[in-house]
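Okay, so subunit A shows up in both of these, paired with subunit B first and subunit C after.
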Partner chain A sequence: MSVVTRRATLGALAMPFVARAAHAATGRVVVIGGGFGGASVARALHAGAPSLQVTLVEAQSTYIACPFSNHVIAGLRPIEAQIFDLSGVGRAGVTVVQAMATGVDPVAKTVSLQGRPTLSYDRLVLSPGVDLNDAALPGYSEAAAQIMPHAWKAGAQTLLLRAQLEAMPDGGVVVMSAPANPYRCPPGPYERASLIAHYLKTRKPRSKLILLDAKDAFSKQKLFQQAWAALYPGLLEWVSLSDGGKVTSVDPANMTLTTDFNVQKADVANVIPPQRAGAIAALAGVADRSGWCPVDPITFASKLQPDIHVIGDAAIAGAMPKSAFAANAQAKVCAAAIIRALDGATPGEPRLLNTCYSLVAPGYGISVAGVYRPVAGVLTDIDGAGGSSPLDAPPDMRAAEAGYGEAWFRAITAEAFG
Partner chain B sequence: MRLALFLTGLVLPGLFLPGLCWAMEAPPGASSCSGCHTGASGAGMVSITGRDSSELTATMEAFRSGARPATLMNRLVRGFDPDEVKAIAAWLAVQK
Partner chain C sequence: MVRVLINVPKKAHRGEVIEIKVLISHPMESGQRRNEMGQPIPRDIIHSFRCTYNNQVVLEAELFPAVAANPFLSFFAVAEDTGTIVFAFTDDHGTEQVERAAIVIE
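Up next, the complex of A and B:
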C-alpha cells in the first residue's frame, strides 16, 4: 500500500494535469511504443487509475525526439538535447519492458515479444509512430537512406544529413523531396528547408537548395514563403506538384531524383519518403488499406479491433495533424476513455488541441494551432479557432514565437517523459 | 460537480483513497493544456493549475477579446464558448 501510494504521488507530481482520481478501474493495459503518444498514455493511465497494471513496451532504450531535430541538422543544437529515456515513466509507476513487440493476437488479447514472455491485456494501446514506406518510392530503401538520408526518424539519420551538409563544398546543390499527405509532421519539411537554407546562407552562400514537393499546398505555407522571400531569395527554390515537383524515383548511385519533368542531380539529397503506420499496427490488424489506422474519435479505439486503441502518428485522426502535441493530447483523452470504460462508464465527447512551432531562422518562429471535436465520427476543426501566426506580425512577435517554441519543447518532453 | 469540488477540498494533496472517485472529470479540452503548461517550460508558458478560477476565466476571456496580447492563446480560446472556458478554469483551479 505504501509503495503504491508513493508511486501514485510521484506520478501525480510528475504529471500534474491528470486528475489524481482513485478510480476503481482494474485491469491490464499494455502500451506499445515509447514516443510522445505511448509515454504520455502510459503515465496518464497510471496517474488516472493507479489500480491499473500499466505496461509500456518499447524496443529502444532511448527515445530521440523528432521535434527540433531540424535544428540539429542545421548545426543549431546538439543531438543530446533530443535524447530521452523511459526511466521517468517507470518512476511514475508504469512497468517498462524493453523489447520488440513481434505480434498481437486480438482474440486471445496477447502481445508477443522478442525474447520475453507474452503479455496479456484487457486493453491495448498502440502508439507505434510511422514506418517509411520505401516501396512507394522506386529506388529508395534502407541502403539508399545511407546515401540519401530521410532523417525523418531522429538519430543516426539526423547526424548523417548534418555531416553531408558539412562535407559539401560551397556552391553545391542540396535537393529535398517532400511527400504527399498524410505524413508525420506536416510543416517539418518546410522548417527543415528553412534551416538548411540558413546554414547555407551563413556557411556556404554560393550553394542552392531545391525542395521538390508532391503537393501544391502545405502547412503554414504563406508564412514560410514570406520568410523565404525575405531571408533566402535565390537560395531556396520550392517546386510544387503542379510545377513538376513530385519525385517518382531516386537513384542513389548517381545521386539523382527523377520527377515527371526532370532528372535532378544532387550533391546532398534528403529524401522524405511516403509513410505508413508503424509495422505493429498492420500485425495487430488495426491498419486499413491506406496503411493508417481508423479510430473512434471519442475513445481512439480501433474501428477494426475495438479492444485496441491507436494514438499518435499511426492514427487517422481527421483534421488533427501527425504531431507530438497531437499525440500527447490524444494520449490523455484515450487514457480517460479507457479508465471510464473499465469503470463501466461512457466517455463524454472530447475536445483536443494542437500547437506546433516552426523555426525559419534563429529568432524567427511561427506557429499553427487547432481545436478539434468529433463531428459525424470525424475529428474536425472548430471554425474560427486555431490557425497560423499572422502574416503581418512584427519582428518581436516572430522572436517571441521562437522563444515559445523552445518552451514548448521543454514542456511537451517533460509532460511525456517526466 | 459541486459535490466533487467539495470532496476535493477535503482531501489532502498527495493522498488518494482507493475506490473513492473524488476528482472532477476533466471538461472537454482541459487535458490538452498541460502539453505546454507543465510548469517546466518557462518563457511565458506559466503553470496554470491551482489558481483562482475566476482569475483564470478572466485571463482567457481577455485573450479572446484581445484586451490581453497573445501569440497563440487568442487562437485557442476561440475553440471554446464562455461556459466551456469557465468549466476548464474550475477544473484547473483544483489541479495541483
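Up next, the complex of A and C:
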C-alpha cells in the first residue's frame, strides 16, 4: 500500500460517509460511552438525521485517549496532549449527559443513570470500551495495578508507569506482559516495548526490557522485530508463547511474574492483563460467555438484543482489530444503519477501513491498513486491500510514516471530539 | 534436536502431587497444507510422547496432526523417590529425542 493512499485515507476521515441529506428519521437514540466510538456515532447520527434526539452518556468529564499514550510513557509527549472532552459533541447538536449508566432494561428500552432520571430509547448504542479482566490473571487486581501498572487505560496509570521508569536506576529490568488475543490495540504492547526500549537506550543504557508474551505471532511482527534488531539489540528481549512467555500469575509483593517455566523478577513491571467488554455490556445482556459482544456486521446490532448496537473494542468484529480507528469506522456504519432502519429502509453492505500507525523510535513509524466486509456474518479482511509498510523502506519513509501517524491522531480526535 | 522447555519441581515431599509441564518447539506440520507451488507439504509431527519417573510410566500419549504447533503438555504425578523424570518423544522421521529432569524427595 502506498503512502499516497494513506494521505487519501486521512482526507476521507474528515468527511463521514453518512450523507448529510435531510432524513425524515425520528426517534430517540441513546449512546453510552464517550470514547472514539461513542463520540463518533453520536455525531454521525445527528449529522445524518438532525431530527433524531441523540443523547450521549459518559461518566467522566474528560476523555484521555489511548492512542499515542505510549509516547507519554516514554517521555516523548505530555499527557495534556491526550485529554479531550465532549463539549464539541454538545456543540454539534448532541445532548451530552455526564453520568454513570448503571443498567439497561432491553424490554422497557430504558437506561438507568446514577443520580439522574432514567432515559428511554428507541435504539441504544453501547461503546463501552474494555474492562480489565483481573480474575483471568491470578495475583492481579486493582490494588496490584498500583504496583504493577497496566497503563492500558490512559490517565493515572500512564503517568504511574512513566514515573516508575523515571525512578528506576540504570541497570534495572523492566518486564512487560502481553495477553493472548483478543485485546485492545493489537500492536500496542509492541509499540510500547519499542518506546520503553528507546527511553532505556537513551537514558538508562545498562537496563534491559523483557517482553513476556502469551502469543507466538503479533501485528506488524516482522516490522517490529526488524526495528528491534536494528535499534535495540541486547536491550529488548521478546519471549514468545513457545519460548514459555505466557504469564500465568503475578506477585506484586515480590515483584515477580511467573510463567509456566520460569519466575521473572522485575524492577518495573507493566502487566497488560486479559480484557473483556466494558461492564455495561454484560449488564445490558449483550456480552456472551467470551466477555465480548457478538454483533451483526452490517448494522452492529447485538445478536443477543436486536435494539442495542455495540461498536468499538467491546464488539466481536471478526478480522477488525480493537482500535480507535476501527471504532470510528464502525460508528459511521452503525449510525447509517440506525438512520436507515428508523426510516424503514434496509442498510447497505458496508466496507470498513482500519489503519494503525506505530512508532518504534522518534521519527521511525510503521503502519498496517486493512479493509473489511461482511462475509457470511463475519467481518473479513478483503484480500489484496490494505497492507503494511514495506520491510525494506528507506529512513525517510519511516520518518514520513511517523508524521502520518501524528496527522492521523489530529484528524481522528478532531473528528470525534473537535 | 528441537528445543524443549521442562518444568519439574526440583524438590518435593514424598507423596506430594507435582505438576509436570513440557513445551516442545515443533511445527507439527499436518500434511494437509500446500506450499506456494501447490505441492503438498509433507506431514512432520511428533507422533508419540512418553514420560517415565524412575522407569515407571507416568504418561504415554499419541499425538495427531490436529495438535497445534509447539505442543504443550501438562500433567500430574505423585512424588515418590529421588530420581530422574525422563521425557522421550518421536517424530515422523523416526528420530527419538530424550530429555531428563532430576527431582529430590525431602
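Everything below uses one rule, namely that the second predicted complex is superposed on the first by the 400 of 418 C-alpha atoms of A that agree within 3 Å, B and C clash if a C-alpha of one lies under 4 Å from a C-alpha of the other, contacts with A are read in each partner's own complex, and residues count from 1 in each chain.
In this text, a contact is a pair of C-beta atoms (placed from the backbone, for glycine too) under 8 Å apart; a residue touches a chain by one contact, two chains touch by 3 or more.
Small disclaimer: the values here were computed from a predicted structure and weren't measured.
Visitor: If you stack the two complexes on chain A, which partner ends up touching A:F261: first (subunit B), second (subunit C), both, or neither?
Guide: Only subunit C is touched by A:F261; subunit B is not.
Visitor: Of the two partner chains, subunit B (first) and subunit C (second), which one does A:G244 touch, if any: first, second, both, or neither?
Guide: Second partner only, subunit C.
Visitor: Of subunit B and subunit C, which one touches more residues of subunit A?
Guide: B
Visitor: In the overlay, answer first, second, both or neither for which of subunit B and subunit C A:W228 touches.
Guide: Touch partners of A:W228: none, neither subunit B nor subunit C.
Visitor: Could you say whether A:W152 touches subunit B, subunit C, both of them, or neither, answering first, second, both or neither?
Guide: Neither subunit B nor subunit C is touched by A:W152.
Visitor: Quick check on the superposed pair: does A:G384 touch subunit B, subunit C, both, or neither? Answer first, second, both or neither.
Guide: Only subunit B is touched by A:G384; subunit C is not.
Visitor: Please name which positions on subunit B make contact with subunit A in the complex.
Guide: Subunit B residues touching subunit A: 14-26, 28-45, 47, 49, 71-72, 75-80, 84, 95-96.
Visitor: Per the contact definition, I'd like the list of subunit A residues that touch subunit B in the complex.
Guide: 5, 8-9, 12-13, 15-24, 44, 50-51, 325, 328-329, 332-333, 336, 343, 348-353, 355, 367, 369, 371, 373, 382, 384-387, 389, 397, 400-401, 403-404, 406-408, 410-412, 414-415
Visitor: So in the complex, which bits of subunit A are touching subunit C?
Guide: The touching residues are 216, 241-244, 260-261.
Visitor: Note which residues of subunit C are touching subunit A in the complex, please.
Guide: Spelled out, the residues of subunit C in touch with subunit A are 5-7, 21, 23, 25, 69-70, 72, 74.
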